[in-house]
Amino acid sequence: MSAIPVPYSHLRSAVKAALREDLYAGDVTTAALFPQDFPAHARILAQEDLTVAGMEVARCVFTEIDSSISFNPRYTDSDVVQTGSVLLILKGSARSLLMGERVALNFLQHLSGIATLTTRFCQAVGGYTTKILDTRKTTPGLRMLEKWAVRLGGGLNHRSSLGDGILIKDNHLDLLQSRGITLTQACRTAREQGPHGLRVCVEIRSLDQVRQALEGKADVILLDNMGPLLVRQAAAMVKGHAVLEVSGGVTLENVREMASAGADFISIGALTHSAPAVDINMEFFIPPNPKQKTPPRAA
Amino acid sequence: MSAIPVPYSHLRSAVKAALREDLYAGDVTTAALFPQDFPAHARILAQEDLTVAGMEVARCVFTEIDSSISFNPRYTDSDVVQTGSVLLILKGSARSLLMGERVALNFLQHLSGIATLTTRFCQAVGGYTTKILDTRKTTPGLRMLEKWAVRLGGGLNHRSSLGDGILIKDNHLDLLQSRGITLTQACRTAREQGPHGLRVCVEIRSLDQVRQALEGKADVILLDNMGPLLVRQAAAMVKGHAVLEVSGGVTLENVREMASAGADFISIGALTHSAPAVDINMEFFIPPNPKQKTPPRAA
Amino acid sequence: MSAIPVPYSHLRSAVKAALREDLYAGDVTTAALFPQDFPAHARILAQEDLTVAGMEVARCVFTEIDSSISFNPRYTDSDVVQTGSVLLILKGSARSLLMGERVALNFLQHLSGIATLTTRFCQAVGGYTTKILDTRKTTPGLRMLEKWAVRLGGGLNHRSSLGDGILIKDNHLDLLQSRGITLTQACRTAREQGPHGLRVCVEIRSLDQVRQALEGKADVILLDNMGPLLVRQAAAMVKGHAVLEVSGGVTLENVREMASAGADFISIGALTHSAPAVDINMEFFIPPNPKQKTPPRAA
Amino acid sequence: MSAIPVPYSHLRSAVKAALREDLYAGDVTTAALFPQDFPAHARILAQEDLTVAGMEVARCVFTEIDSSISFNPRYTDSDVVQTGSVLLILKGSARSLLMGERVALNFLQHLSGIATLTTRFCQAVGGYTTKILDTRKTTPGLRMLEKWAVRLGGGLNHRSSLGDGILIKDNHLDLLQSRGITLTQACRTAREQGPHGLRVCVEIRSLDQVRQALEGKADVILLDNMGPLLVRQAAAMVKGHAVLEVSGGVTLENVREMASAGADFISIGALTHSAPAVDINMEFFIPPNPKQKTPPRAA
Amino acid sequence: MSAIPVPYSHLRSAVKAALREDLYAGDVTTAALFPQDFPAHARILAQEDLTVAGMEVARCVFTEIDSSISFNPRYTDSDVVQTGSVLLILKGSARSLLMGERVALNFLQHLSGIATLTTRFCQAVGGYTTKILDTRKTTPGLRMLEKWAVRLGGGLNHRSSLGDGILIKDNHLDLLQSRGITLTQACRTAREQGPHGLRVCVEIRSLDQVRQALEGKADVILLDNMGPLLVRQAAAMVKGHAVLEVSGGVTLENVREMASAGADFISIGALTHSAPAVDINMEFFIPPNPKQKTPPRAA
Amino acid sequence: MSAIPVPYSHLRSAVKAALREDLYAGDVTTAALFPQDFPAHARILAQEDLTVAGMEVARCVFTEIDSSISFNPRYTDSDVVQTGSVLLILKGSARSLLMGERVALNFLQHLSGIATLTTRFCQAVGGYTTKILDTRKTTPGLRMLEKWAVRLGGGLNHRSSLGDGILIKDNHLDLLQSRGITLTQACRTAREQGPHGLRVCVEIRSLDQVRQALEGKADVILLDNMGPLLVRQAAAMVKGHAVLEVSGGVTLENVREMASAGADFISIGALTHSAPAVDINMEFFIPPNPKQKTPPRAA
């Protein structure tokens, strides 16, 4: 039902930080070679198949540098495009376009890289109701933008911080066990002490722990690093009593098997911590003639 | 001669931003399950071979959360370690350790990922004097930390911003050419108008442009997306008159060939925009006995 | 089980903001009347019965101004104290003590005001398992500190932001209804589209809506502005199938009746938006003699 | 003569801080239930008699979230309105209106609470020239906005910080006395050492101190916690030689008596530290018909 | 009576801003030439006679860069020293000392320049009770530090902002006059409408205006750009009824004449807007022998 | 070829910082004397011959305070104007104009002071190709704006930070020498270890050092505090092999002699650390008649 809200304030502060990094002392090359009023046309192109993420960020980059730049997107965030597609057309001072090029591309390449990888995982589980989730394994400082890119790619978001989800992990359980506190008891304590609006999720490494979690009335059972066979067995135990999430060692190769085994959700750290940048570049062009201002949508 | 200076102020602000992301509303799970005074020992382990980068960042993460945590590194930044190595030992409140775990690991995994990939490229050109450089294709907000990780991995840094290097790129040249300004003229203008402490670097796509650049007395000639054969020819033309840099399409497979062809520097965007996170995790342990406080350096 | 974690980073930034407000241009009175090395002893006293909240904030205020001030608390946060109790003893430069006085008292009076009112509500439902909750009706900029004060007073926290709880309110329902979407459907959509770690809470204004919410498998049913009789009827319908929360028009007079009617949670906006400041002041004193440095704990 | 200037920069930073608190991780409920383009009309209503304060803040809240919201105030800051009055009409995306609702109301309820209480005190001294002042007992972080609300309610402002007023308080005097420095001498030192543009104010607890203050040529004499009888006597002594201010223990019940006793100014901490939030809410409505877009000004 | 309080928070933020400017991308020269553990001794010397201002700022600069630097001041702020005096001795990593050198000297030279010029003006009016004041003509961003330097040089401070002083200037009067409002009326309005803790100061350009100001009961009369003769006449009129301040066109040559003419205060914009930097430099040295760690106080 | 790019982000943050300094607590005088809707016309005038710098800063000051002010510049940055010239015409609320006056003038006077002094140095070397450079001896916090003012005055910029230039100074050489490292070796190490895009500059105090520097293949040789005769001799040695820069003790009197001696660049600290503010003021005026809205360009 819902389109995807842009996290504007995170977006603006990330753009400002990135511009500060790159333009702290101005752009000495461009200042040496071009006067302020040298006009230019540029297009930004996808150099591989990808899911678009970051168009609003790119707009913010160029607007922040020079509000007189004309910014004409040909696609919107979450579109899936093919190699050679013109993502957007820019018109303005050559100096301003050159000053914004790298920062805009860095955002587009990073966020579209995440969205593209997410789309591939979503396609891999096509036909199942299983949903693809991210994790908190994000790049420091870019979490909200990266989680937005995951949604643009078709995924959903896991916790955005330690404050908006109860998740009892193996490290918690190991420590509690050293004091004689069981997984079942931990689930009950979390239910009582934790915020009443949050579900209790617990990370599980064996079928016996699944049983304990169900006894502790956990809402979500997260199977960590278990093979498809165990996932299937756990799903049979859990069915109807809790939500089943799978995590750890999930790849494009095995994700479909996990879905078929009964996972409601599959969470994948690599979406945000290891998605390679996709190839997007900017090039100048001479507009063909006054009447036809923009090139066709896909080259 | 020089050890690698830690960019402290960038480090501290990046850590604060990352902690704000993760702990904005506290850690509800840990608060529900552990009292403040529950003591614990934890170790952080390399789960694959890697070059360490980010130990000082991890220290800053835990110190910022709880200054009473004892932080004992077993390796230092730039060390090359093997799977299973214990990178550091932590002792303190379980709550504080759990609150810092993810943020510390996010930094360690990301920065060590960059350092490790850099080390691989450096090893691949072993025996040649060729040096490996990064680019400005960095993650927005983390540029100075990522460039530091490149140095820890054995590489050197290209420009840190548009203000500390003159680099005439193909986009500049295309625009200038549309006004009848040649590459040779552009080099001369940059020399005259640009800051006198910066060398003039120019990006080249053909041997004829190499000739023009030499005529314009460019200090650094950057060959963009040229094969080893052309690099070798360019090197012969340039030798002694300028520094030769190679960029574009360089992989672990072909980097040695580029070095052998005569490149003084090879700059690689993937070092920072596509290095996958390396696998590092944290686990709690029970110290063996009062006398032997720390486990052996490699498990 | 858990002590209450202090939200350190919120605390420090709130203290810095408050000191900036008061000391932007220094303290002209104190600078005119006292040299820097004029020593003094001061005590901070409760002038009415109250629950202490903000001692760590007060410490941060004085430390930020002058790290040489000796700060000796006689009580800790969450203690319930009587009129005349000495909360803390300070020793240091008169100038520094006078510069910090107002800001420290402003925090102590405001946060202890919230904690004290919370304690009164908790006492009023003594004997029932009903828990007292705050709301998002907080003072702009102080939310995390105010919610911490609520916990110090014995209450629990509702959502800390719009991102860490699904709560379908009457305004949502009114709008959806205009499009023909029922409360039951809204609950189901929220379950499907909302983050999987969050429970679905829905605000209810009639018993018929309670039925719809149960049909939509809402996890938490929030009765808004309903009298004790209706609460009792709702409790009978809900029992075992959802958590029951009561809100709206709850006072110290009627809160016990709401608890007895079967509310699991009672959320009260006044805890944070209308708690009057409690009376706390600072006075200088002459230490009785060198051997007895601090006065007795309660005057 | 003067209208009341809005403290814009304080306003904007307070709004941004409050939005960050509430929308750090977005609005998960609204994102789950409404598409971005779901249009709505809402009105904000006074649920009790009050003095309006914060309309410009509310505008800033909604504009910051979504600049396409149409914001139509029916009253302006400092207006005194009755229960049921429609303060403003909003039109825009339902999502955006719901995201801004709580933050806008938190500001309006808090600031109008202060303005309303101030108005009551001003009305209570009606007919006298006595003026109502605030103090520095403000909510940390909101001082300038709260002092603005006091002016909107008809009061005037005391010091905005320790740098813009000389005020010798009882604590100063106690300490100085321990070194044999009298109140009269303190006044003279303050006059000599303090900034020459500031008046010397001194806090007084007895008629004898009034005499000393006059001897020290204090410009303002502040009677602290003295009953109406003593105020009257002090007024007789002071008349024509200094300004007379009264503070401490002033309530709506006794404020008129203080005015009649001769106070030029009465400063009241409760205006800012204990004014209860007034009841203001937001509700959606269906505009009656295309021609009559807004409901009548008072319901 | 009062020593001069250091504006710590302004100091720290100014130092951080200055370090960010100079060290944003590290110190490439020092990193290339020195390892981190290269030890060095340095001294900072006055190369002309001057009043010291900024020692605490310099300490903050070096501490911020490297907390292991040993910082030994030989003089303190407000000391008057002669050419060749060693102001402070530093010991630590050569790299850290070189990284802090320029920023520390920039602060010391600028602030000592202001203090030194202030001292000269104070000496020029020696024997009179006239006090030297600064103005709001300060360097943007450094106001509080510059005003502190004025105090260190022996001067006093005028308004620190438009909020802590009522000053009716010629521009105000010109505008009011166009509406038929006289200087006398303006003084009265300011008294009534302005904060009651502030004196009313008014800028005067003729003896007739002095009369009007006295009639309006102005507290401070500021003679703008009037010669000594007129100042003397004004002083005669004002004596005992108001404070007399002189401003505009005051130089080291004529300041004594202004004092002798009866000015209570003389305010001088040049103290902060045009004080030339004094000559201070840093040099490395080899400590003579282990026993005598520091060179004599004046070379 | 290039016009001079305005450093917008530095500009905006500097303006905001300066406004915060001056308007933290509002403008009490103006608020007391003028209603918000009191209209006025003002002009800003050069009171001496000067090079204009800071018009865009002034625009930002007034716009930030009140976006309805009409701002009409009569000259642009880098224009050389004569005493009495009207730099700009303002129209808007008297209150807003008065609130912005001082901050706008502080920027204009400071930056135009720098530009004017730079212009004088540039004029003094007229006819030679020698270029005038600034240094890092800038006012803390204003470096990028001051360096921009130097360009507006006709000069060029030296390093903007320690990260964008290799400059081996006497302090570096002294320390290295204590370890037996020669100037020649230092140049070579810097070339190898330093960023490959930066030239190696070395500070020289004797002709023998010039020889060593040339042997070390330094790109830029900076003669520090050497007389014209030695400069001429050094120029003869260096010619064609390196760029020659002169620094130290350069004044308007001797700068031409340095140019004639063969300096390619002359760097002058006084441009930024000791340029006196130029005299610029603001005055209100009554527009002559409706048809002629603006006074003639030069009075």
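By written order: A, B, C, D, E and F. Residues from 1 in each chain.
One rule holds for everything that comes next: a residue touches a chain if its C-beta (ideal position, glycine included) is under 8 Å from a C-beta of that chain, and two chains touch if they have at least 3 such contacts.
Note that the coordinates shown come from a computational prediction; the quantities given were computed from them, not determined experimentally.
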| item | value |
| --- | --- |
| Path length in steps (a step moves to a chain that is touched) from subunit A to subunit D | 1 |
| Chain whose mean Cα position lies farthest from subunit D | B |
| Selected pair, out of A-B, B-C or A-D, that shares over half of its residue contact pairs with E-F | A-B |
| From subunit E, the most remote chain by mean C-alpha position | A |
| Distance between chain centroids, defined by C-alpha means - subunit B, subunit D (Å) | 52 |
| CA centroid of subunit B to CA centroid of subunit F, Å | 35 |
| Distance from the mean Cα position of subunit E to that of subunit C, given in whole angstrom | 45 |
| Subunit A: positions in contact with at least two other chains | 1-2, 23-27, 31-34, 144, 160-161, 163-167, 189, 193, 195, 198 |
| Touching residues on subunit A, where the partner in the complex is subunit C | 1-2, 131, 133, 156-161, 163-167, 189, 193, 195-199, 201, 219-220, 243, 245, 264-265 |
| Subunit B to subunit C touching residues, read off their complex | 16, 19-20, 23-27, 31-37, 95 |
| List of subunit C residues in touch with subunit B within their complex | 1-5, 7, 9, 144, 160-161, 164 |
| Footprint of subunit F on subunit E - complex, ascending | 14-15, 17-18, 21-34, 38, 40, 42, 94, 98-99, 101-103, 105-107, 109-110, 113, 136-144, 161-169, 171-172, 174-176, 178, 186, 189-190, 192-195, 198, 269-270, 273-274, 276-277, 282-284, 286 |
